[in-house]
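Note that subunit A is present in both complexes that follow, paired respectively with subunit B and with subunit C.
On to the complex of A and B.
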């Protein structure tokens, strides 16, 4: 088991090194794209704790991202008692506000499971966009709120794109390590126990209510941080920045990456990014297949492709990318464990 | 003082009376058998003791204190652990992690390794619980229950699905476990051979009512018990 720990620490260090050097290797625009991937990754980390570990499903995490985005927009544009808060410092506040919202959703969720929980949380995602429209003088309505331009602070000599890249992936790495520390010990076992058998978990002394709401609050905190970063990077916030379908994409990407595999989630996050923002390219790739001729400009094409890719991947890799990696390396690592 | 006192417990589900004024006690160190035909209310009695159900009438006391104000997750910290009729393991977790979760209830996860040696599962400790054969899964469940250092252990049909030899070993093991860990054991079982060879006292339920109690020999000769199992003889 020591060996597994060593491998995981090594993996994290390698990731840290990769994050650090990446902007030297790619263009500034690509760094900005990667930053966006990092934001989805942060949201997926939270969703993984909720779904992969505690076994609760949420089709409403786009709403928690939006709460994070609006918190940042309100604090940095409207300000508090006339004091504008630097966008950077609004990030943890956005996480906490979304986390509290998650806690509030998590309490009624205790009485629901499976399909019903999916429906209720989806209802939250659908109805949330009415809130900025209702309180338009405060939250900007459809025309939204314009945040100040992305600037490199503290006189650092990075380009804005590299700055948002380092900011996002720095936070993503910290939150990844935090999630890893959380799940590898007692709390992670506790959540998995609840996922696998609530009745046995309760009989083993686990308070279902406490841990299930904790998982909801944590995952919403992650989503709030992700949403805050997204609003900062876009410099704009209105109800369409986090569309309803994003909540569905997040769950789909979680399945794609493997529900309890943190590193697999980077693949899931990339998939959301590519399929949302680079549909034309994906259509071109698919057109290389024989007898396929899709028009990238057709409306609805991104959704059709996203759906098709998801179906194909889940047929080939039912446990997602993470599950496939584990199966690939499983025989090797389990032999190593039994020796240690 | 008895360790466990079930006093006049009634539990209804809609129009069905699953337990009807049932009383019994378990003295410290005893192995108490709870037997009866299908639907007699044995598992319901377990679920009342472990607070998964709240009785409509009556009281359950452990070490003289009522359990009715305790939450289901608080029962194990009082010193009561259980296994389940249809094995409720944490299937996605390793054998070791299953046992560690059991140990969380009282004192971190120390002692999990010793317990795995005790139930002879140490070599399988990193295997996912779901991959093991049924009989082995039952041992994992037993180790998980023991890991919480209980004083009262509730075993719900531990012999179900086991082979003839396994059942014989189980009988010996239950007694050894009682002695090694100073347990009191409440045993729900269909397998008469196992109950008769291990239990000190037996309580017989039928349609939610207690119809007999005594030593295994006494109960075996009881006319009402024979009728309950074989149907009324005319």
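On to the complex of A and C.
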């Protein structure tokens, strides 16, 4: 077991090194794109704790991201008693506000499970957008709130794009380590026990209420942080920044990456990015295939492609990319373990 | 000797190449709705694209071909932000041009001005784009300001309608609010004639409930300050409810393509303003500008059907594209972002073939509303009929 731990730590260090050097290798705009991938990755980490470990499905995580985004927008644009808060400091606040919202949702979630919980959370995602429209003087309505521009603070020499990249992936790394420490110890085992059988877990003396709401609050905290970063990077927030369909994309990306594989989630996060932002390009890539001639301007085309990819991946790799990686490296590492 | 030395110093003094400009190409970006509620207006961008291709076929601007990159934002400001960041940073466009929508342009105005990227001739008549140039010197509008358009309708009502009782449907953003505020100003002392007003959110599904509510106020005048599908729905609702008010419909929703598909019992007699030549109006059928428009669209447009040849959104795109090409030509061979803004704010263009004869597109450094002359027009027998004199509506 010690070897497994060493390998995992080594993997994390390798990831940290890769994150650190990446902006040197790519263009400034690509760094900005990768920062966005990092934001989806953070949201997926939280969702993975909730769904992958505690087994609760949420179709409402886009709403928690929006709560984070609006917290940042309100604190940095309206301020508190006219006191504008620098966007950087709004990130933890956004996480906490979303986390509290998650806790509140987590309480009724105790009585529901499976499909019913998914429906309730989807209801939250659908209805959340009405809040900024209702309070449009405060939250900007459809026209939204324009935040201050993305700037590198503290006289650092990085370009704004590299700054948001390092900020996002720095936070992502810390939250990844936190999630890893959380799930590899007793809480992780407890959540898995709940996932596999609530009755068995409860009869072993596990407090279902405490752990299920904790998982909800944690995952909402992650989503809030991700939403806050997204609003900072865009300098703009309105109800459509995190559309209803994003909540569905997040769950699909989770399946794509592998529900309980943290590193596989980077693939899932990239998939969301491509789907949201690079849809026309995807159609053009697919057009390079023989006998394919699709019109990238046609609405809905990217969704069809995403759906098709998702179906194919889940047929070939039922445990997602993360599961496939584990299967690939599993024989190798288990041999190493047995020798140690 | 001296003459030979000048270009050398000029070239030497230029520290950095202008983004988006090479010796063979000028790259122009835009974010427009090609899907969603306002998809019908996406033809503005397609019209621009066709006109640029026509200019390119004739040798371009100082030998540089115009490359137009336009991305779909579904009329959503959030996606417009994504598109704009991508066009500026990745595509490295020289300028953003004719992006559509008030909120969409407001959402990116700060970032474009900070990056000193021209935000040229935005497809929105919100007054702020022409008025707030001190804060946003890299931004300029194009179409007549909505506030002045609203005032024109107000003045018309005061002069021509006895005992008016006005109902207003408007979009709940700067676009709708500008029109509404202008209407009140145009009505002057008679602003009390507005008996009911209802705003709708641009992401609503249907405005029929709002129209029903407005009809209940027993108004005899109905102002439709709504865009795209909402305008269609408003006409449909008027017809379905059997309401017979004098309708005023705002310019950006008055394209013949749109008016001819709504119930004609509601549409007939509607009043709007006009500044561009309408390819669907019988009066322009033999006009040189409209013939040019149709031949360009046939030759350079993509998937052009007979309906497209009568679609005013394409003409509107070409009118703006004509002004941009004019601007780029006047900015000279040594094209810079500074230079293009200087020309765009010192413009006198008398011969745009796609706008009404007599209209002069004119700007100065303190008056940044290029189009400030309009005519009134009335809808009947499935087409618009301009009437009255050219009105000057300078804010």
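In this text, the second predicted complex is superposed on the first by the 339 of 340 C-alpha atoms of A that agree within 3 Å, B and C clash if a C-alpha of one lies under 4 Å from a C-alpha of the other, contacts with A are read in each partner's own complex, and residues count from 1 in each chain.
To be clear about the criterion, a residue touches a chain if its C-beta (ideal position, glycine included) is under 8 Å from a C-beta of that chain, and two chains touch if they have at least 3 such contacts.
What you see is a predicted model, and the numbers here were worked out from it, not measured in a lab.
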Fit or clash between subunit C and subunit B when superposed on subunit A: fit
Which superposed partner A:143 touches (first subunit B, second subunit C, both, neither): second
First (subunit B), second (subunit C), both or neither touched by A:241: second
Partner chain(s) touched by A:28 [first = subunit B, second = subunit C, both, neither]: second
First (subunit B), second (subunit C), both or neither touched by A:134: neither
Which of subunit B and subunit C A:196 touches, first, second, both or neither: first
Touched partner set for A:83, first subunit B, second subunit C, both or neither: neither
Vertex subunit A, arms to subunit B and subunit C (CA centres, degrees, nearest 10): 150
First, second, both or neither for A:2, with subunit B first and subunit C second: neither
First, second, both or neither for A:205, with subunit B first and subunit C second: first
CA minimum distance (subunit B, subunit C), superposed complexes, angstrom: 41
Doubly contacted residues of subunit A, that is, touched by subunit B and again by subunit C: none
Interfacial residue positions of subunit A with respect to subunit C in the complex: 27-29, 32, 129, 133, 136, 141-144, 146, 148-149, 161, 234-236, 238-241, 276-277, 280, 297, 299
Interfacial residue positions of subunit B with respect to subunit A in the complex: 50, 52, 71-77, 81-82, 84, 88-93, 97, 100-102, 104-106, 108-109, 123, 126, 144, 148
Complex contacts: residues of subunit C adjacent to subunit A: 34-36, 39, 71-72, 76-79, 81-82, 85-86, 89-90, 102-103, 106-107, 109-111, 114, 172-174, 201-203
Residue numbers on subunit A that touch subunit B, as the complex places them: 1, 186, 189-190, 192-193, 195-197, 199-208, 334, 337-338
